[in-house]
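In what comes next, subunit A is part of two complexes: it sits with subunit B in the first one and with subunit C in the second one.
Coming up: the complex of A and B.
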């Protein structure tokens, strides 16, 4: 059986990458593990896992290219485009690549067959392996390109897991479309938060998404000790499982800043992450009615 | 003297959780308490994880609906299940209806709103339904008017909502001779960040020492440069990892960017967040509050001395 686990948070900087990388490092001892860093705007997992990249794939949106010989300036393409990526200006149709979603609608709707689609690079996808054997893939959005979601979609489509693989997916922060694309189709989401008003507020945003999408989840409380008991009260009241608690500790903060995985800073976490994985399996089995 | 337009300061970080919002709130306090006061408005441009209202004692004065993009919906009476829609959808959003056999259904979560299916449907069974994607608000705070929003969870953060609240702040600022607009930006470098940056006079990057912090600092700086926005850096939690702080100074120097100050790790910041106020309200003498006071002065000096120029 394959298992896909995404690590998300709502609020930024709560420790998603810390949890994702150490979960991968703990599971690789006994499993085949893939790590997918979908935070394409600010990808950081490679700084902790140091993969050797062996493959670079351009991340593209297919944008329209109009053949001026065939184009009759009928304006049908401008009409069908929902994103204002095409405009009729004088005697040409202009294309605005940064507004194009690559949906293909203009191509299909051109009565003259005057539109072909050409790849417009918006970033890169890099694949490699870490020393410990983790199959590593991440995407990087090119600076000044606005759209992260198409890279995430391409990144996830590339990943055809072989049987028995555990895929750990590092999600972007926030609770908008790029996070939805990241968690689509996963078996479980680990929500990493901190016990502060910001952490709780943004966690609730994520819960809204996961309830809508009917994806199972549990919470990791990071930096326990800096906030208050509001988060715990909320989780208890809602019956949301707590998967792990990580105390606020300057040693951990320093180690993470230096690029050390949590399981290297404190090797006791190996067992804790393995236990967490067991807990996640139990939650999934229980909700599937297998226990 | 002709009336000057308000200067716009955008606070960014690349990496999440470096302290943008706590700093924005502290700047709100500084704008009314730092000796030379600036009439300032505030914008929370992090619309899908909007937290600034939690620390500005905001009282909502106006609430407006935000209608964003449209989504495709199939009329089950007209659908023949021919599959033309599915063949053009590049978002894997079209599935067989779970209850009605022979009919298709569009997953609203996956639909990108491109309308390709609408044009592909031979039965005219698909139409685009406008979606309310959130609310935006004008609020009153003890520090000045505050423009913020709430994007419904999972909706497209296209930057449109960010642009909308910035425009409203701008219009109100013109009417009321406001000198400064402080924009609390989102993490990352994508669409909402670009919208948050557009038209601003100065970017302040809140950097965090460490490898991830440095990596994301470089990405957000590159983005600000692309849009030719003058930029300064401040370093938060500077004492947690002094080597990283040193590296940020070195990097800033090679880039010709000024570091306007550093904030030590200080529990007064989360403690004031718990009380829902800027740090200076409860801990005016804390090390972080003192550091922020200096950063505020450096930043506004820079802002009011800079004329927009190529960088």
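Coming up: the complex of A and C.
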């Protein structure tokens, strides 16, 4: 069985990458592990895992190219485009590549077959391996390109996992399209948050999304000791499982800032992350009615 | 000549709206008949691509001139390609009526 676990947060800077990289480093001792860094606007998992990249794949979005010979200027394509990436201007159809989501509606709906889809590069996907054997992939969106979702989709599609592989996915921050694209189809989401009003507020946004998408989840409380007890109260009241608590600790902060994974800063975390993985499996089994 | 002016409200006394794409209303003014009409801007409700949506609407209205506080690059490209002339508000103007008068005096800066 394959297992896909995404690490998301809502609020930025709560420790997603810290958790994702150390989870991968703990599981690689006994499993095949892949790490996907889907935070394509600011990927940083490589700073902790130092993979050697061996493959570079252009990330593209397929945008319309209109054949002026065939186009009758009927305007169907402009009408069906939900993103206003096309405009009928005088005697031509203008394409705005940066607004295009690559959905293909214009091509599909053109009665004249006048639209061809051409690749528009928006970034790059890099693949490699870490010294500990983690299969590492991340996407990098080109600066000034506004659309993160197509590259995340391509990144996830590339990953055809062999049996028994655990895939750890580092999600972008926030609770927007790129996060939804990242968690789509995963078995479980680890939500990393901190016990502050901001942490709780953004966590609730993620909970709403995951409930809608019917994806199972648990919470990691990072920087325990700061803020207030509101988060704990909320999680208890809702019966949301707490997977791990990481204290607010200067040693950890110093290590992370120096690019050290948590399991290197404090090797005791190896066992904690393995336990967490067991806990996640139990939650999944329980909700599948297998125990 | 058909003018379209971005506006916060639905008549000539309404305060002007400095954003083009997300302007709630566009006031259409015909300089020949001196008639005006308030049109809801389809760009005003868009989550993305508001500028292009608004520009397409202006083009479909067969406008000769559009006047606003500024134009984004996408909107400006579309309007330019359709040969719709873009003009900018002058700092001292407050309502749509003033904008029309000042434009007709030839005192508004081109975009």
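Just so we're on the same page, the second predicted complex is superposed on the first by the 291 of 291 C-alpha atoms of A that agree within 3 Å, B and C clash if a C-alpha of one lies under 4 Å from a C-alpha of the other, contacts with A are read in each partner's own complex, and residues count from 1 in each chain.
As a convention for this text, a residue touches a chain if its C-beta (ideal position, glycine included) is under 8 Å from a C-beta of that chain, and two chains touch if they have at least 3 such contacts.
Everything quoted here is computed from the prediction, not taken from an experiment.
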So, A:148: does it touch subunit B (first), subunit C (second), both, or neither?
first
Is A:57 touching anything from subunit B or subunit C once the two structures are fitted on A? First, second, both or neither.
neither
If we overlay the two complexes on their shared chain A, which of subunit B and subunit C does A:240 touch? Say first, second, both or neither.
neither
Is A:78 contacted by the first partner subunit B, the second partner subunit C, both or neither?
second
Taking the superposition on A as described, I'd like to know which of subunit B and subunit C A:283 touches: first, second, both or neither.
neither
Who does A:109 touch here: subunit B (first), subunit C (second), both, or neither?
first
State whether A:264 touches subunit B only (first), subunit C only (second), both chains, or neither.
neither
More subunit A residues in contact - subunit B or subunit C
B
Please indicate which partner A:215 is in contact with in the superposed arrangement: first for subunit B, second for subunit C, both, or neither.
neither
When the two structures are overlaid on chain A, which partner does A:158 contact: first (subunit B), second (subunit C), both, or neither?
neither
Residues of subunit A that sit at the subunit B interface in one complex and at the subunit C interface in the other, please.
83
Could you pull out which subunit C residues touch subunit A in their complex?
43, 46, 48-53, 55-56, 59, 74, 77-78, 81-83
Subunit A residues within the subunit B interface of the complex:
10-14, 17, 39, 41-42, 44, 47, 80, 82-83, 101-105, 108-109, 141, 143-148, 153, 172-180, 184, 196-198, 201-202, 205-206, 208-209, 212-213, 226-228, 250, 253-254, 256-259
In their shared complex, subunit A is touched by residues of subunit B numbered 13-18, 21, 46-49, 51, 54, 69-70, 88, 90-91, 109-110, 112-116, 119-120, 128, 151-157, 159, 186-194, 208-213, 215-216, 219, 222-223, 226-227, 237, 240-241, 243-244, 265, 267, 270, 273-274, 276
Report the residues of subunit A in contact with subunit C in the complex, numbered from low to high.
78, 83-90, 92, 94, 96, 98-99
